[in-house]
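A, B, C and D label the chains in the order they appear, each numbered from 1.
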Amino acid sequence: MPTARLETFADGVFAIAATLLIIDVTADAPGGGLGRALIHSWPQYAAYAVSFLTIGIMWVNHHACLDQIGRGDRRFLFANIALLACIAFVPFPTRLVAEHLRDDGLRAAAITYGLTMTTTAVCFGCVWFYAAAGRRLIAPDADERVVAGLSRSYLPGAPIYGLSTLVALWSATVSVILFAAIALFYMLESSLFGGRGSA
Amino acid sequence: MPTARLETFADGVFAIAATLLIIDVTADAPGGGLGRALIHSWPQYAAYAVSFLTIGIMWVNHHACLDQIGRGDRRFLFANIALLACIAFVPFPTRLVAEHLRDDGLRAAAITYGLTMTTTAVCFGCVWFYAAAGRRLIAPDADERVVAGLSRSYLPGAPIYGLSTLVALWSATVSVILFAAIALFYMLESSLFGGRGSA
Amino acid sequence: MPTARLETFADGVFAIAATLLIIDVTADAPGGGLGRALIHSWPQYAAYAVSFLTIGIMWVNHHACLDQIGRGDRRFLFANIALLACIAFVPFPTRLVAEHLRDDGLRAAAITYGLTMTTTAVCFGCVWFYAAAGRRLIAPDADERVVAGLSRSYLPGAPIYGLSTLVALWSATVSVILFAAIALFYMLESSLFGGRGSA
Amino acid sequence: MPTARLETFADGVFAIAATLLIIDVTADAPGGGLGRALIHSWPQYAAYAVSFLTIGIMWVNHHACLDQIGRGDRRFLFANIALLACIAFVPFPTRLVAEHLRDDGLRAAAITYGLTMTTTAVCFGCVWFYAAAGRRLIAPDADERVVAGLSRSYLPGAPIYGLSTLVALWSATVSVILFAAIALFYMLESSLFGGRGSA
């Protein structure tokens, strides 16, 4: 089974999940004009930017994975569906964090966001390591160093998001800053060092 | 007429229908903080998961069908459009079941969900058996055993969903549990036995 | 300029416009339980079905057009963008007709729906006749009889929708029935006679 | 790294961003029937048309860019993700302009729209000039005159949108008319002169 239609379906879910984030961006503020409401709504733009970037990073990674994978089977498809269900869920905790950034619901919102990201990272690991174990679905001509490099790069995702989620029990604000920092760090690191690599 | 553009269009509808489900997930509860509201909203997450999984299973099946089909004609396109109209309808009964899981509207919601799924299964059957009858649209090099296996696997869908819908007349709760069980059973069965098969 | 990316973009807009129709389907009724509200909301399901079918028919036609077209230029792309803007507009008048089917806003809703469809048919004509005039963008190996057949089949679209819109000035209900009948007639005619043809 | 999946993902975001604009189109007016409400809502249709056209023009430009680009790297992907985040943001300022066209919030809405477009133009420049500098990612067989022509055509975008945004400090209405005029001018110029060119 070739992976072409999986790529179309996955690209669709990534594109829609990222684009749907804008539906929840509003400019409502108690009193004052539109200008004040727009400034007051900055958490929504920040949440939009971080989530769009995070979904974009996941899309780049999914892209890098499937480039090494030569074929799929039904278990691989279902692992991908579980991963895509997590990614399509991201607009919901994003909305929660944006709405509650300045009230006492932030802890619950941050934990929801963190659990979503941790689950997504776990599903991502399942997709990749199911395909890579014993080179089960890896394309015959894939470079073993690239495959090993991808395996190394996916190991830290779930623990990092899991620990950032635990931080929310102590300070929700620090936890939210960590979520933004993870996305920014990954993008900068990829941009500084990834430009020269093959992928 | 090749089926490439049908696949792009269908993948788009599957991806959007699955992703739109998140628009209806909210965290509203009478009184209490966000944490309590999130826990109170568990039927919405469960409904999201079951529906995303169900749409994902249908996408895998559509994928398996079209892999065997070599070309399309106008009737085949319209049968697919009817099928996609059913699949794009799924977010509506999903929302109904999630909203009414704990009130006396559950019976009507479960019947709506069940009728949608039964109609979808009937349309799926029409798409497949129109293409497979006398190998009308089947690719010349398709394996007859795979085609026969697909025909066998699509026969039980409509009766199973139809019976689960009838169960709602007796107990709406049992009916909803059956809908979730059908999706989980299919995914587990595919994952346990499908990994070894060719599709 | 090849037409591959135009097809991806167009398929995306068709798929999203059709799928977004479900967002506006609700089950709200004054008083009574969910069952009664669902039955009371039948105009919404009918509007969903007619509009999904209409967008589906337009997708099939766009498909048939582009199969004959070998390349695009910038004017052709902008004509397509105008056509897609019309198609993506369809969910709005659909919602209006569904909401006002039983009150005195139906005339305005039917005229809005009809003007949208008439404009869409005009844009469709512009896309096709710009490409077909003097075989400007037609693929060199395209069969002249198929091209002439498509030209004939696109001529009646705008007048039929325009006349059905004018009917709304006399009776909005008859006009709405005509809109549904046009979609059903086209699908039946295509299904009865199109199965045997090459497209 | 080939650019095929980037094109699918980008086409998805362009298609969804354009199509989502319809969600915000409504027909609400204080008092009067639906007919009057529809006429009163004309700013929404105008905003829909201008934004759909603007996103369409950007899609045509992205298309023209990627036709000259032979391969991507990670920095190029992230520049594209930043560009797509801007494009997916467009429905929000569009909604603001449409809602506030007749009240004193128009200045803030016009500045938001202008900043979004200016940022989008800057990101577009980053995508193109990163790829074109020293022909870093340009396809080996790309015509140098086409590449130079694209470079020339992308330079004025950001300054023109930036100046139109500054105009809003003096007159918000003039600024909004400029935004519409930019889109119409570009489309007419492309249609009058682009029909004969190769792209």
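Please note the rule applied: a residue touches a chain if its C-beta (ideal position, glycine included) is under 8 Å from a C-beta of that chain, and two chains touch if they have at least 3 such contacts.
On a predicted model such as this, the values are computed, not experimentally measured, just so you know.
Homomeric contact subunit A/subunit B is classed as different-residue, with under half of its interface positions used by both copies.
Among the remaining chains, the Cα-based centre furthest from that of subunit A is the centre of C. In the CA-based superposition of subunit C onto subunit D, the rotation angle is 90 degrees, rounded to steps of 5. Distance from the subunit A centre to the subunit D centre is 26 Å, each centre being the mean of its Cα atoms. Under the contact definition stated at the top, the residues of subunit A that touch 2 or more other chains are 8, 12, 15-16, 20, 23.
Subunit C contributes residues 7-8, 11-12, 14-16, 18-23, 25, 27, 33-35, 38, 48-49, 52-53, 56-57, 59-60, 63, 66-67, 187, 190-191, 194-199 to its touches with subunit B in the complex.
Those residues of subunit B that touch subunit C in the complex are listed here as 1, 5, 8-9, 12-13, 15-17, 20, 23, 73-75, 77-78, 81, 84-85, 88-89, 91-92, 96, 100, 104-105, 107-109, 112.
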